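Before anything else, here is the set of structures, which you'll find just below.
Below, chain A partners chain B and then partners chain C, in two separate complexes.
Right after this comes the complex of A and B.
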């Protein structure tokens, strides 16, 4: 699964919001190297700049400073066309599923967009329908029950699963999952993670989990980046970082998760 | 959507505004189906005829059947109609000034008063303090006293076409009546006539229609400009945003009405049709819509649903139309309603200054106010030529604003009861 090609990397990536008295350095000169197939977690407390970094990686926010390399080349997303190409490779699950959907468009429109994005815009409708049904059953949703609904008529967990169905249809190379389990109970959380892991194995996707939950990071990831005030203070394999933390900040994050080994049953991975 | 509509009509404010506005609108649409007169047609010779039913005298004498009614007090009402209390007072004043002892005058005794008047009044006499107008009034009054107390029938005569001699063709007694409905020619002026002798109601209905169209056109123009500028400025940002914000701020500090006056003035009377005025009003009033839309778009453009749409490969135009516009549609509708009502007021303001649409084609509410003011309807107490116009303007803006605050309640959950 894992090979050593670098798929996404960055040097000195920085984002500054506002200026003068309102200046916020959300992400402060971070360097990172994400390898293909590797499971990555970015962990940090609220406001540490995780979402901002993710949006820069996605090309939704432009960095104030620094370079991002994709597939070994300096990323170029200056035109709409190039952006579109880039977004075939990198997709996201946003932090808050409730605000992630256009409330005026129905569920099937969301999925049809993905088929079109993959170049299937001209397929006969039956075939599209088949694809949508397959995507829905992958995430344990009944397509027939959803077609005529608006996203806000779904539960938080259903919305989150619909988001994964999107990813199923798009099969990107990289997935940025911003707190993908924040809205769901512990039980369905494992289901969601299993689905994402399944996707990773099926389509060879590189998932990047963004979370404040260091236990989750330990549970799923190969490599962990610890983020504090916009900087990566510590990084390495999950075992290195979490079982032998060097930074006080990491230890503090760890102390919020008292029973690491008990809570996460490692055998289910 | 259906839910939103139901919510809208559950708001009391909206409902009241809607009913008033629809009443006005339906009147404008239905009235012309029944009254086909041209709204600017001059009907009466005299100006400012008071509201009422006008019955053709010739027809009521000649052709319509006549009925005899014995009504109590008819004679005294007839006298009172010609010789009112004011007239009696004036006669008394004149007589006293002439030197007739005051206690010998009884103004309630009509016959006595007239006898006293006839023996004393001298039109050539100029009493101290009496103006020419006063003298003319007394002369007119004296003429109208002629035959006031007569009880004889009136004889109607017509000239014989051959001999030219007058021949009796009918007799009218004091107890003769006609049924107004049976007189072939009668005319109801609900709101009288104006300074040119035009039917005020017909004119008012037509003017309301034209003013509503002006308001609507101006509102659409202003909202379209404001919407496009606001969307582009708010979503694209950067230099484009800076330029649009600069222009918007520039227009904010120039008083719109002054600008409107200058533009209307420079267009010139001949070129100013109602449509031109509407466009000019629209072109000068997009500023607030732009600012409101821009603010909304700025807060929307970084929302996750917009990001998701970008990640789904949609173009900027698609995102503006599908991911931004529906979210601000309610604000845009509310801005449009406000623009319509303020455009109607702006037209009225311009027209009062004589800078409104040229006066020859269509009436507008503003032009009717202008005519009323120029011909001093408000000073001379011809209320019907100006007050209804003001009332209609007030009702239109009132109903539109009421609908607007009603909608505010629907769209803004924080204001719901």
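Right after this comes the complex of A and C.
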């Protein structure tokens, strides 16, 4: 499923907040090349700039410097219309699913919106229903039980799964998952991750995980980028980076995670 | 056998809904913590971990109500005490509790030292500010927190530092038992490690005598606590030492939980993580037999009919399953 077409790449992408004495360089001249169908993880601590980078990839924040290329061409999102066009190709899942929903819209309205965004607004209702059912069964939700509910009536795991059903309907080329499982308990985490990986296999999406959980990054991804103070300090395949880390920072991140087969050294704080 | 610091016998507490329905979120839970030991409580969201933590304090406020059982802290029965008495004489002095968002307890308009003064003066109104400052400074230094923190406002501190400040404050009166409910879940790995180190220091330096640690992060629990108990739908389904529970679980639910562990270690990518299908039962009308039956791979017809108590498996281990230990192990082996 991984081919060598570059779907998203960046050259010298930089974001500076503030100016003068208050200048903060959140993302500092990063270069990256994300290939189609490759699962990418960007790992870093709080304040390392990973969320700012994610926002730039999504087009929510514009870079101070540098270029982002999408599908081989320089990304152009200067007008609102072009932005909407771009968002058909890139979608995101955030940490808190609840804050991503419009609290006044019921579950079926949420899903119907997605069908409309894909240009299916004029389809007969039966066909839309069929699409919604298929999306719900992809994430193991029962559409019949949900239709008349508001998002707050669902549990955290169900909300996150509904979010994935949305993505399934929208079928963008890139999915940015910003800490998708940190609010979910460990048991449903595996389900969510499997579904996100299923999206890649079924509709050829390129998932990008933004996370501080290095274990999760190791489990899901093909390529791992380690971010510190706005720079990528190390990158490579998951096995290279996690099992044979070269940078001191990566080693420290790894030593901070509690493990099962290795002593957790608390003296090195 | 060393002294038992916290003993809980058949504790049952319930929530009362708007429609006067009783929901037993903690159902006949018994546990014992010896001096210098720590017990971890694991389980999915909604299985009653946090309700158990609240119930253990003996401080009940609506909609949580005490129903039966007893809580004995260092030989003193605190169950059924008047909530006001509990607040004045138990909380902070005998038992302390840190919730996940402990850092939000800090008042943004007060310096940290004023917050500590409030805590101490609520229990010992005659203490002078100077004494409090000395005590706080000494305690902060013992726990590796800089003394300057005392003079700062919460906004000047990072998330991890705030969390550690509140933990240090909550144990300033040297309680016997500390209940930590997901104290590090909102933090990133490095701050998490600092918080955990501090909690371990509290134990090692004898400030607290027993620790109850609640989290759904099993690798963390394994590294922090001596014993682990797994809860499901308000009941304890298995208990044993951390080593036994992680590497040699008996109950199918514990086994399923252990199958969902993610750690950055070689070999993780080769195993397919097992997710537990379905959702925990609604405790409004819990199933009559085993509560895990609907999601269990090894379910038998009699599981749904008979409800079993905790069965002893030797060496302090116990599990709640109708299928005997040997048969479960055989089933696991044939499954691979």
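In this section, the second predicted complex is superposed on the first by the 253 of 269 C-alpha atoms of A that agree within 3 Å, B and C clash if a C-alpha of one lies under 4 Å from a C-alpha of the other, contacts with A are read in each partner's own complex, and residues count from 1 in each chain.
The definition used in the following text is that a residue touches a chain if its C-beta (ideal position, glycine included) is under 8 Å from a C-beta of that chain, and two chains touch if they have at least 3 such contacts.
From a predicted model like this one, the values you see are computed outputs, not experimental measurements.
**Q** Overlaying on chain A: chain B and chain C, fit or clash?
**A** Here chain B and chain C can both sit on chain A without a clash.
**Q** In the overlay, answer first, second, both or neither for which of chain B and chain C A:96 touches.
**A** It touches chain B, and chain C stays clear.
**Q** Quick one: classify A:38 as touching chain B (first), chain C (second), both or neither.
**A** The answer is neither, since A:38 touches no partner chain.
**Q** Angle at chain A, chain B to chain C, CA centres, as a multiple of 10°?
**A** For this superposed arrangement the angle is about 80 degrees.
**Q** Figure out whether A:84 sits in contact with chain B (first) or chain C (second), or with both, or with neither.
**A** Touch status of A:84: first partner only.
**Q** Please work out whether A:179 is in contact with chain B alone, chain C alone, both, or neither, and reply first, second, both or neither.
**A** neither
**Q** Going by the contact rule set out at the top, does A:234 touch chain B (first), chain C (second), both, or neither?
**A** In the superposition, A:234 touches no partner, neither chain B nor chain C.
**Q** Between chain B (first) and chain C (second), which, if any, makes contact with A:113: first, second, both or neither?
**A** A:113: touches chain B, not chain C.
**Q** On chain A, which partner touches more residues: chain B or chain C?
**A** Of chain B and chain C, the partner in contact with more residues of chain A is C.
**Q** Using only C-alpha atoms, work out how near chain B sits to chain C after the chain A superposition, in angstrom.
**A** The answer is 14 Å, the least C-alpha separation in the overlay.
**Q** Can you list the chain C residues touching chain A in their complex?
**A** Against chain A, chain C makes touches at 44-46, 159, 188-194, 196-197, 200, 216-220, 222-224, 246, 256-257, 260-266, 268-269, 273-276, 279.
**Q** For chain B, which residues are in contact with chain A within the complex?
**A** Chain B residues touching chain A: 303-305, 307-316, 322-323, 326-327.
**Q** Within the complex, which stretch of chain A touches chain C?
**A** Going through chain A, the ones touching chain C are 45-46, 155-157, 184-191, 193-194, 212-219, 238-239, 242-243, 252-254, 256-262, 264, 266, 269.
**Q** Which part of chain A faces chain B closely enough to touch in the complex?
**A** Residues 55, 58, 60, 80, 83-84, 87-88, 91-92, 94-96, 99-105, 110, 113-114, 116-117 of chain A touch chain B in their complex.
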